[in-house]
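Going by the order they are written in, the chains are A, B, C and D; count residues from 1 in each one.
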Amino acid sequence: MKIGFIGLGHMGAGMAARLCDAGQDVTVYNRTAARMQPLLEKGAKPAASVAEACAGDVVFTMLADDAAVSDVAFAPGGIVASLTADAIHVSCSTISVELSGQLARAHGRMQQGYLAVPVFGRPDAAAAGKLFLVAGGEPARLERVQPLLDIVGQRTYPLSQQPEAANLVKLSGNFLLASLIESLGEAMALVEKGGVDRHAYLDMLTSSLFNIPVYKNYGGMIAARRFEPAGFAAPLGQKDVRLLQAAAEELQVPLPFAGILRDRFLELRAHGGENLDWSAIGALAAKGAALDT
Amino acid sequence: MKIGFIGLGHMGAGMAARLCDAGQDVTVYNRTAARMQPLLEKGAKPAASVAEACAGDVVFTMLADDAAVSDVAFAPGGIVASLTADAIHVSCSTISVELSGQLARAHGRMQQGYLAVPVFGRPDAAAAGKLFLVAGGEPARLERVQPLLDIVGQRTYPLSQQPEAANLVKLSGNFLLASLIESLGEAMALVEKGGVDRHAYLDMLTSSLFNIPVYKNYGGMIAARRFEPAGFAAPLGQKDVRLLQAAAEELQVPLPFAGILRDRFLELRAHGGENLDWSAIGALAAKGAALDT
Amino acid sequence: MKIGFIGLGHMGAGMAARLCDAGQDVTVYNRTAARMQPLLEKGAKPAASVAEACAGDVVFTMLADDAAVSDVAFAPGGIVASLTADAIHVSCSTISVELSGQLARAHGRMQQGYLAVPVFGRPDAAAAGKLFLVAGGEPARLERVQPLLDIVGQRTYPLSQQPEAANLVKLSGNFLLASLIESLGEAMALVEKGGVDRHAYLDMLTSSLFNIPVYKNYGGMIAARRFEPAGFAAPLGQKDVRLLQAAAEELQVPLPFAGILRDRFLELRAHGGENLDWSAIGALAAKGAALDT
Amino acid sequence: MKIGFIGLGHMGAGMAARLCDAGQDVTVYNRTAARMQPLLEKGAKPAASVAEACAGDVVFTMLADDAAVSDVAFAPGGIVASLTADAIHVSCSTISVELSGQLARAHGRMQQGYLAVPVFGRPDAAAAGKLFLVAGGEPARLERVQPLLDIVGQRTYPLSQQPEAANLVKLSGNFLLASLIESLGEAMALVEKGGVDRHAYLDMLTSSLFNIPVYKNYGGMIAARRFEPAGFAAPLGQKDVRLLQAAAEELQVPLPFAGILRDRFLELRAHGGENLDWSAIGALAAKGAALDT
């Protein structure tokens, strides 16, 4: 199968490298061309344009946000204009439910395939092929690309035949993580003001009921009050809450925790937190309690 | 060491049984005497009164709430009046920070020892000696009872020399669990209204990022909409949020998630949920979204 | 001065009629032409297109939402394309801060004037010239149209030289009203469940500390549980909360009450309230408390 | 009628003075005896004890909180022990629904009358006889004291035959005011960050839709960022939110706005606001938005 891969940021680079290392025929494209070099060394071919990356059977996209995906997909010479009939666009970016639906309809009109396959995991998991993949779209199309998904992820969850439902699931996952961060932030502020060492507290939590990496990693950042360098920057977390709320408004689902999270990100940004990791919202409860932070 | 054990409910019965099985010299007391029988068969001696259970070196209490503990501790013939100097009261109940502080001061005035050792775990963990114990109080006293704690729990976390700080930690742990329940409830309502099967969704979550029993158990109850029989009844969860908020008010710590949880329990109770498991608050997001529940 | 008036809904019709009755030279345009008839009888001239309504010195717009205003303003033959240099667009609709800023820039590029003059008041106030007008834009332009504003409103408040700031103020006013509605709804649910008649309660409030029409009108609807016919429909209230939150996100201002209101409108809509007056969110507290409503 | 009056703070002094000025036979008592002097000059008689103030047909209490009322009522030599059968206790303090219920039962057991008559208004209104009175209790008893109530207030609202319902109404009124303060604080933070002068903004609001003293007074304090001296101190406002939430928990009524207010008071107190007027919570939205305050 001939594969195109568009978007070689921290996540995309690792995923594309996995495909190259597995001996696949991969053509890569990135707006900043220098980021293609490491992939070329692994045998990938360079594309000079989005259209060139769309010449094969399947094209992956892994981009930062709606604007980037929309541009690459809908611009003249973009994916929708360039992909051959029956070829498949595998969209891995965390984008809005609305844009994913637009992509599904646009590709459908061109007899092209469209799968939404957002991922859970950080850059190191991407590089190691350990991502979790949430898939939405037609089962027959998914079956065709499954061997490729098995290279980039440790497991694929086909959750809906509607592609955009996979994007909703991805957003909901980030909502669960942000809720976890906020709840840890509140709990730590409370016990710390009550005289308990927050590091010892976190150690207790994560060696008993909450013994998984997400509690350890985010809890550790909150306990250490160290939010740089950002693994996932606050503006991205804020964006995902915004997209979640937009989907919830469309579906008419009240989400009280999401409302709290929204305001946390606004407070963080108002005070200059745009370069911090999104877990920095976990320090705001301590600030509200006038603890030195 | 001569041990008294007061309170043989679901949790206390399992803990006391562990002590008996380990060959300890245990005298048990329970208001409803019939609940003592299984322990007597394991070699425990019956006490006819609270005072009789206080004749030894250490007395455990494992009771339902502040009222029960306060009654057993402060009534004439109660623990404070009966315990010998230097004997230790090990208070395992989930009680308010305020009452725990009162107990600390009362025992201190009598030269008695007081340790707050609330537990994490359900009745089956209690019976299996798999509880996690959070300990507050003087290290020397804790050292004396540590061999007993090692019989009832798999690990003890000494988090503060102030006994009541351990109660605060326990309440914060239940707050983390209730937040987890609420966040799952919101996420499931959203994806379900977006067309995703909630069981498949939960399976995805709990086999990837959230692979621990608390997500599986509570998530499973929410997905199944089955909240009976109650493992931990809604009124108890509500009580713990109330005690958490009382402590937060005393310490001046704003806790926005706790405010949401408080209202969830009120809504659940207003609609007749007093016999349901506390995870039933996880179904209220679906109700707010007009999903059939 | 030659005046165009676009948008003859409940509000616009009353405002245009005031201008006609005052002897002004008014050309009216409405997509549904039949709504122009009553104005023609008052001496207005009919316009066959938006462009025709833009032939004079000033054009008012009073339309339902961003989409309607955007269409009328930016389409070929729209206001921006049709207005002569130095003529003034007086935008009275409740629209987003963002769209108002776009209009300001577009008119500026064409050397046209742009004033945002959103209004407070209901159709009867519009018909009686009793509206309150919030004005944003250049003082010199405002001075030129002030005689016209004095015909449609009882007072004009020039609050900023940035036109879009007036739209922000309008949205904030609706936020204050929605907060008032929600607070009344919560208070009434509480006292009613405590045994107090809600009509007598409202009468007490509105004859003592809260003796103004907004408390009486909205409180009366909540007490009567009568939300039809809608004076201001729930979807419009919801839209304004959305626009408020969008502006707050842009300006980085956390607004906890707005978050609650957002969810109230979602709950109302999820349960089929799209035809109700926006004050119907004031009945949701009673519903949460399981009061018969 | 022989009247006792207990509690000569800012409110009570004005109310007692009104009764004296009207020629009533008033015996006053205050823990700090010096505060009785101005009343004696108006013809009041001094009581050396609570019991002495209870020798007549009716005794008013106007005290700071539950603790003060409970002490004066239930202590040996207190009101319940001292009042003659059929005499009436008119309780004007803002106290908990629970305590008011206890008082009702205690007085009932002694065949004494009990009316809860909390008041709306500030010290100047008390001195001028302009208070609004909310009355709960038996109509026949209320009728007996109505001539006295007409001296201290401009209008009495008999809202329930259950005395404690009047206390609930009083708490709900303070909740409405606190909600008004918070909503104004949020709105002002938003428009100020959007470039609008907050004084001009407030002037617009209070000369149009919100033309009543409570918006003007609280809005003025928020706009001026001047919260001292406190007309009604933050800890008292916080206490009333606490009592409101306690009543709402008892009645099972979720109140989302009250949850926000609770956290606002905690944040204010955590940062040292105990001497500020309660309207200082109206400045916290600006702080969250990183506006200079």
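Here, contacts are C-beta pairs under 8 Å (C-beta built on N, C-alpha and C of every residue); 3 or more make two chains touch, one makes a residue touch a chain.
Treat the numbers as computed from the prediction; the structure is a model and nothing was measured.
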{"item": "Where chain C and chain D overlap in contact partners, by chain label", "value": "A, B"}
{"item": "Label of the chain whose CA centroid is most distant from the centroid of chain A", "value": "D"}
{"item": "Cα-centroid distance, chain B relative to chain C, in whole angstrom", "value": "53"}
{"item": "CA centroid of chain A to CA centroid of chain C, Å", "value": "39"}
{"item": "Sequence positions of chain D contacting 2 or more other chains", "value": "248, 252-256, 260, 263, 266-267, 270, 288-290"}
{"item": "Residues on chain B engaged by chain C in the complex (per definition of touch)", "value": "256, 263, 266-267, 270-272, 288-290"}
{"item": "Chain D partner contacts - residues on chain B that touch it in the complex", "value": "242, 245, 248-249, 252-256, 259-260, 262-264, 266-267, 269-270"}
{"item": "Complex contacts: residues of chain C adjacent to chain D", "value": "97, 120, 132, 134, 155, 157, 159-160, 162, 164-165, 168-169, 172-173, 175-177, 179-180, 182-184, 186-187, 189-191, 193-197, 200-201, 203-205, 207-214, 244, 247-248, 251-258, 260, 285, 288-290"}
